[in-house]
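Heads up, the next two complexes both have chain A, just with different partners, chain B and then chain C.
Entry: the complex of A and B
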């Protein structure tokens, strides 16, 4: 398309509409002549000053809308049908120069990760003033004063001092506020915010979103908020579009979509969201079939259940006074600085229960698990008793192997937790075979049984990990952990990288498995609502210390500790007054 | 995934499709490999067999008639040896020496690199400082020193080239393996009680080897030239088993007296060979680079 088409007026855009996406289809040619359509005949309408949410799971094509509006599509993308119009002028498919008048000036863009969106080698002031000079008439001291006023507007404390700081000296939340300040510098009509709080901790998420909302309201800026998080939508948006596989599923005012969704998919999406205010036995999502039916795998798993060695009332795992200090290596000009990741933590886990550990990033919650599993050494002066035996005293190879197998882990990142050069089946059973506990044919049998147990098919055993989605890989990870017939599973944020419906399926599966096998779990998460659904008791951690511990229902509804209260307050909720 | 994964051959073909120069290189390499392998069958005479040589045939220009009635396409050297046959046999020696040296040297380097990444601590320090030490010598100087110590001979040249080849691969593999070591599948293997050697061979190696495979062809062409240089300098292969470098050196004395064919033909073959390998190596490197791949 040529630049002259920018001036052709789209008749369909009424006076009410600021931006209009009509019938947009965006295609990517793939190898072997196939075509992948990221968006299919999508139409969206945004009024001035309106905050519109676009929700959907990964692969729904949410980000493609924002990219198409700003000419940021990949080189090989083809706009097959439709267009994007802003104030009646077509802005999709322009030449690069055509966007100069749009980017920054009419449409601002806010990225997912503020730490990578800002240039690490320029100061905040330089980056802000550069944006101001590019998009406005202000120069020199004027630009500087305007920069300070923008930062104040974006609620950055000590605005003037921050100008001389570099991005790495500021927190993620502050950086995102600075990105906001840059985005509003030219007073655009529209801001496209692509998952603006996904990279931030919950406690700052709420305040950052508040700022964005008030900025938009002050200057009557419309916002397209692209997110996977329904609670963000509930708190921010006037109107919601639900997308799936590039197609529009449903749209309507936020309240209607969230409380009375009409389409099956929207209903499923809403039912998948873990709620902190009430506990559900299982999420109402189409399940993976019933675990109970898969008797062969269950029979294998129950065969050697002999943890009757622990007397009643004694904990399965007893952790006493573990501390962990990481010492950074001394540099040429800096001395070694110790960092206390864990400070004197003690707790018990009883057989068959799930203990949750919650806290923000850096609170040391994963470190606890890694020490229990033996992947990290703890500082001296601790004691970890598993099944009544001190794990430090397990020295023979046989004892250590049995201990290893009894304690397993479900990892956080499904994309790095499987060996990419081994088939799914080998990933599950390689260890048992290499330890001489399983013959080749028995291993294939077991891998098939376990894959069925976690809701995959037997034939998946021969596929390589890259052929699976994140949720499927995580299930392979669960099958691998189960192959050892463990009594105790450490779940290290097992669903934090997954979409919400996939998370619901996986949490249902874990609950099913726990009911059938009587597994004991230590469940680490930053998501209080997930912990509420999964755990019997919970530890709340901050900076390596346990702030509060107790039954989940109690701690997460009537917290005693101030920090727990602040965590709960910051939690985005879907509540309509 | 309904579609079948492409086979290895299909993958290789995909890397070359639409790149005529690289395909020409590939054909060239195949040609040279076949000639080297079947040299005893293809060559008009056996240049090592003294009984087949006639001193009276010495220094004949290309297309001359030999005493046996055969035509010498590329001329003969001072001993009456047919240059075409000598080049074919020389190719054999050059390729054998460089392939063996690069494969053994790279294998050693990969093992040491993986070991450094897995063990960390003093093992890593020793390995990586040895790499630094090796890298601080100019390659050809190091090889000259080693050959001065070992003496000459095909096996000695191979040793010298192995010592030249391992260090860069060790460094390359270590850097990849270090980031692989941080991934959760390694933790999972540890938790499963899998031994260190198995973790190295089944988990770390397959996931860290790709960059080495990409630089391997380039290393082979490097080794071919290094071997030719050493032989040219007279410290390489013995005179009884002439490689391309030695053939060039033999003709060097006659170059100024107008007997150009003795040096030029082995030289041309050497250049063509290295060029073929390099265009193929370039293609493989570009294909393996995800940034460039998107632009194709």
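Entry: the complex of A and C
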């Protein structure tokens, strides 16, 4: 492997190279004398004007490359071996003054989240003009005029007016364009873009990336694009490096890496990406480890299947005319302003199916789930029937408890949805125990069974949540939801905080569980491709209204509504002409 | 902005009105000016005559309404003890207190903020550890004890600064002030330093914790990545963001210094307003105490209003809400 690597570096480096990362190892001393290496003997080569993608999952060391090039590493970081050179001059490990001639001038930097990269208390104009004055000869009115022309180049509408605005008054997409303007202000040779679209809404990602590419082309600026998103790489990059645990896995021209990856890990990474144009039964990723005995857990879960009492053709959940209005508080001179989060939404969910809800942030998709679970009260005039009974009429404690247990939720953020002061096992069973439904020893037994069912080991029950990765925590969350023997699970963006391979494993697990237990699911996501893989039918939501509904395969391939079309158009895809 | 100002004005007037009722009723309950002012040989008739003269024979509500209507005419009453208009008494003493308070607060800001930012940015340096030690000491030694130590050091041993009195004054727009000539200024220094020590420690700690929070924000790293010099990063990006809590606390502290620096004024025999309050309470000089406390209320309300406006100027996110 080492041989083939060296060979291809020689082929692609070309006659002149702009930036060279050679043999770079960055180490962080940890507690108890241990050393964590964020990068291990990494070599990367960037030619002038080239757009190079660096992909990998969290912990792969992608961002460290950018930080090392700009002298932004943490104080305790040690460069053990190797260096970064720009135009032949070493730029890693310089003193602070050494970077004066590099930061902003030769290398521009684009941050992941534009809303936090811009200072909230300074105007856009000041933040752009200070960069111009720091890195070019332009001063005063010249700098201001240049700032306006830069904003126009970055396709910011009403450029002149924006100078006096503050970051919080503009959308994330506009803020990122302003960051682009700052990055190109001194016509640098290279821009390092660290996940430039991750924090943006899907609908604007594509246009923002398009702007970045055209800006780079105009001034022949090379880009290092750090991302975990393969579709971004497919649309932007000429050449790709795949990283894992700080090591180079594979590199080559984009098309080759994306279509014919050679290494197992790259293949796995590609197979994990949910595709909208292609349905797969299960993602081709390694399974959930050795599952010893699932029969006991499955027997427990099947013991009380209650949704079989529903007559054929009747929905398990029937939602009619739910609306939700949030009202802001009235001031002395300002009247209260209502905001309609949901506007007259009706739908049915049938036993054993998965209904998807897609939409941008703020479309009201999570609010639906919260109303069904009883976490929010709907505006009057609605009706929610579950198993044929109106849930508003469930008044006795016994009925309500049975209802709660039958409807469960898997939350978006695996880090905040587990109680950090309880062991994994207690997290799974405390609700059952506190309702007196389970004895201590039975609870331990059940927690162990369920952990094995979701692919963890029995002994994990005694560990605390912080000892688990995000994906493992989300499995504990699933085990917790299952402990109630639910018929219906509301999944609120369950994989949006996870890496793509972890997402694939988790989605496989949910599908397996649904097949075996006949679960009914309401699956909320902003990711159309994930919905395509998971759901039978889908609702497309915008501003609290249902725009289109129907079978997944139909709505997401031949949409009728314009909004659905625009969502699908904006979606990043991996397509090669 | 205008609606904000109007709203605050409305709230403030209600607050001042409530305060005036409380103070007026409070003074009525705790002291009887006739008992304090009457001589031992006063007959019952003399006492009634004195009460009539002071206007304290009428029911409380009538007294309060008379007091209000007088204020509307700009008349805050006449001191029972000095037999002079209350307003004159207060205005005579106020400049002395104000100039010391402002000097002390300025020292706190000018020394405290840079020290705080420095120690926030350089956590491991020796100077940071010394600053941290000194602020702890400054916090822990009681104010009056610091005053005595200052007198011992500067006036008794080194003999460089006077320990008491106000010194020469210069008239500024008809108001006597000390800070415009050296003799007056040298008299101001010890009381001001005495008041400032605590403020310096507080501002240092406030700006240090602010700095430590702000320096790890993305926009600080981004400013570095886009090639902004360190001085400018500190002056524009960091300072603007740490000023919010500092402005709030400084406003409250300024009010506190003007109203309640009685201990320092007593130790240094500084003829400020704190001493006037103490004497008046002692003598049940109701008009002075009431006018003084209402004045203090007005001052706090004004300072808080200025703080809110500054807040909105410093943080645009508040402005547009």
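Just so we're on the same page, the second predicted complex is superposed on the first by the 553 of 577 C-alpha atoms of A that agree within 3 Å, B and C clash if a C-alpha of one lies under 4 Å from a C-alpha of the other, contacts with A are read in each partner's own complex, and residues count from 1 in each chain.
Convention: contacts are C-beta pairs under 8 Å (C-beta built on N, C-alpha and C of every residue); 3 or more make two chains touch, one makes a residue touch a chain.
Please read these numbers as outputs of a predicted model, since none were measured by experiment.
In the overlay built on the shared chain, the residue A:209 is in contact with neither chain B nor chain C. In the superposed model, A:103 makes contact with chain C only, not with chain B. In the superposition on chain A, contact is made by A:122 with chain C only, not with chain B.
When both complexes are overlaid on chain A, the residue A:482 reaches neither chain B nor chain C. Within the superposed three-chain model, A:183 lies in touch with chain C and out of touch with chain B [touch as defined at top]. Look at A:464: by the touch rule set out above, it reaches chain B but stays clear of chain C.
Only residues 3, 6-7, 10, 217-219, 221-230, 232, 236-237, 240-241, 314-317, 320 of chain C touch chain A when the two sit together in their complex. Within the complex, the chain B residues that touch chain A are 1, 5, 183-185, 187-195, 198, 202-203, 206-207, 294. The residues of chain A lying in touch with chain B in their complex are 74, 373-375, 400-401, 404-405, 407-409, 411-413, 416-422, 427, 430-432, 434-435, 463-464, 467, 477, 480, 484.
Within the complex formed with chain C, the chain A residues making contact are 70, 72, 96, 100, 103-105, 108-109, 111, 113, 116-123, 126, 130-131, 134-135, 166, 168-169, 179, 182-183, 186, 331-333.
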